[in-house]
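Please find the structures below.
Shared between the two complexes below is chain A, which pairs with chain B and chain C, respectively.
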Partner chain A sequence: MSYYDIDSILTDAEKIPCTFQLDIPDLGYLDNTPTQPLKAGTKVSLPLWLAEMLVIANTGGPDNKTFVTFDLPRALGNDVVQALKADPRAVPLRDQSAHFYGLATHMMDLSEEQELGSVLRKTFVTRAAEISLHARKVGGVGTKGKGKDEGSNLGIGGAGEEFLRGLDEWERKLFRKAHDGAKAGKEWMESIKKN
Partner chain B sequence: MPMYGDQGNKLVQHAKRMQNLTHLPPYQTELVRAVTREVRDLDKDVASLLEPFQGSFDPSADQSTACTLLVNHLSMRRNKRCLLAYHRTRTDKLEELVWSGSDVLDLAGQQAGGANGATAAADGGASSSLSPQEEDYVRQYGDLLAAYKGQWTDIDLTGSLEPPRDLFIDVRVLKDAGEIQTEYGAINLTKNSQFYVRQGDVERLIAQGYLQKLG
Partner chain C sequence: MALPLPLGLTHSEVAFLAEMELVTVVPRQRLESIDLLSGKTPPLRPPHRADLPLWLALLLKKQRRANIVPPPWLHPASLAEIVHRETKVHPQAFSEPMPTSSRARQSEPGFAGRIGGDGNGEEVTLSPPFQGNCTSSAPAGYLPYHWFEVAEALITHAGDDLGGNTSEIRGLLRDLVEVRAAKMRDSAETLGAEGQGGVVSLRGVGAMELAENRGFVLGVVDGVRKIGGAVETARREREEEMDLGGGDGDRGGYGGGGDSDDDMGI
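Coming up: the complex of A and B.
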């Protein structure tokens, strides 16, 4: 992930629930009360780019605590994890977060959650197979119903549509790559036949 | 809840949308200005927070100030990243356009003109979708590319990678391009006329949108 990577920057804007551990007079605006001090124990949703450092940074005080503590965002909460365990394909990840995997990767760096990693790995593998299946199907439609579906990468009908709408950014990229690859392969085969 | 970094985020969302476009949308002058202003404000805040300490600030003695400083610093860093990423996405696109041989400066003027009708076309340059710095960048990058290409006279680095099927092609002239010299004499390219010409002679004019390939 490069410094200039747009998706990585947008992932850093995802918010996670944080709790401040000390009173801070000047940060009231984070809790939408600019005139009041921010009290210890206040829960605020902070973007990753801010939360990440505040969670790691040490206050430097004698008790060695950090400025804020955090909880897992709802996108990675127990409900979602249970649903993913049951059937990864049935969960529209996009509704949880447009950058679901990116968010999850960040959170696993920060927390000691053991189970999450293996659940997500299984989720991705299962869904990736489904994605490539759909991507290939779309390639077929493009040549049969010529003109109509051409150009629109996501012009798919039927049952797959709902699944594809639930893809997060990373999965969408995968879908597009798989789809373009299948299409380019087909085009190449046809150009060979022509000559 | 408006927060530091929100404006920067908008800028990056613009960049994200831009990645899927073939043309270059207008430069977000206002947003860029708002984000830089935010950085300046944050810097002023930091300066005034540190002022009473006279250069001897001890983070462990004043934790809440330390936290505020950290938040301000992170916000500035975030804004910087958003600004750089936005501009880099645009310059990448501009370089791509220069390599593909399209006349970027001319194109920018046309797009702006086309939106306001034909009458605005004359002063299209004023409402270009490029910032003045970007126009400069394109010009200099174009010069650089030309100098680089100049080292090899018998190969066109920006030429098409597709081998031509026919040496000669039919073209229609979309806009006046004046007279060009070919091996077979001069051709006067006036709008709406058609010619049967050697592909190599007109490839650049096709890329620039002066000619349209027929058949």
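Coming up: the complex of A and C.
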């Protein structure tokens, strides 16, 4: 991940539900009570970059507590994981988070989730095969996968568009790559007939 | 990304390389040997066949100075056999690549000779463009590395030399392309299967298919790598902890820092 990678920066801005473990003065405005100190046990959504730092750092106190503890964001919650286990293709990941996989890999770095990794891996490859199928079928020049199926010879109608709309950023990049390959192939096939 | 060019060879570059493949022609006119950078072309004497690079053969074909003898694997029967093998016999794997560096002599079954080997004991190692995979003496029932490009070029520019069943050949080629594209998609799923180690075999895949799927397959590999990265570091840390924990357990406590090195040095 490069320093200038815009997707990585946007992933860092995803909100994580965190619970403060300490009373912190002058941070009350985070909980809409500007005059009070922020109480221990308050739940606040923090961006990933901040939450990560607060989770890793400890307060240096005698009990070695960390500033905050975090829960998995809703995008990686139990509901979503169960749905992914059932059928990876049926879940519109973009509705959960536009940077679903980026967020998920970050969270796996922080937490000790054994199961999440294998579920994600299976999800990614199953959906990748589906993406490749759609990328080959979307025809025409420069449609860029915005749901135009003029060159399609399979009856991909609403279902295909629905699926493509649910792709997160990683998958969109993958779609782009697969589509570029298929498009270059088509263009070459046409060029060979001309000369 | 600074360079807009995609990774690897583009389709037109692959097609350009494929033009180095040797094909067999039946000349209609005499032509003396041409001294090219890649070596001398054989002199053309009308009824005798000769092997020429594809680009030269196509040039002569367009000028009506030669007819191209299609390679045996482009025959509908051979293509149908490959389609059958790819769909029914081995529905998972790509069909075997053409045997390397040899060419079967059809007049003497069981014999194979090197193309460049002229009997003086000098071993010539030939890479795909020079293997003669597309000459009339290539074995049938295999797909050479440049199968798609050569087939398309021959169908487009030398359709009348293919025995008049261009549309049948075209249909079979279309089938093959679709079957193999589906296999390429499925390979993505095997990539992610547990215990596969993220490895997929691309043996027997043609140059044009590689050019088309390079971006996609690399994207999948990269994604699986990123997802697996966190799990992998966690697993390594756990293993290290277990190693340390085992060493401590034997001695029932800390205090033997020097000994633990011996334990781990086995």
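One rule holds in what follows: the second predicted complex is superposed on the first by the 177 of 195 C-alpha atoms of A that agree within 3 Å, B and C clash if a C-alpha of one lies under 4 Å from a C-alpha of the other, contacts with A are read in each partner's own complex, and residues count from 1 in each chain.
The rule we apply is simple: a residue touches a chain if its C-beta (ideal position, glycine included) is under 8 Å from a C-beta of that chain, and two chains touch if they have at least 3 such contacts.
As the structure is a prediction and not an experimental result, all values here were calculated from the model.
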item: Partner chain(s) touched by A:6 [first = chain B, second = chain C, both, neither]; value: first
item: First, second, both or neither for A:90, with chain B first and chain C second; value: neither
item: Which of chain B and chain C A:47 touches, first, second, both or neither; value: first
item: Partner chain in contact with A:56 - chain B first, chain C second, else both or neither; value: neither
item: When both partners are placed on the shared chain, which of chain B and chain C touches more of chain A; value: C
item: Sites on chain A touched by chain C in the complex; value: 101, 104-105, 108-109, 112, 114, 117-118, 120-122, 124-126, 128-129, 132-133, 135-136, 170, 173-174, 177-178, 180-182, 184-185, 187-189, 191-193
item: Chain A-touching residues of chain B, taken from the complex the two chains share; value: 1, 3, 5, 9, 12-13, 15-16, 19, 49, 59-60, 63-68, 70-71, 74-75, 78, 81-82, 84-85, 88-89
item: Residues on chain A engaged by chain B in the complex (per definition of touch); value: 3-7, 9-10, 12-13, 22-27, 29-30, 32, 47, 49-50, 53-54, 57, 59-62, 67
item: Partner chain A, residues of chain C touching it in the complex; value: 6, 10-12, 15, 152-153, 156, 181, 184-186, 188-189, 191-194, 208, 211-216, 218-220, 223-224, 226-231, 233-234
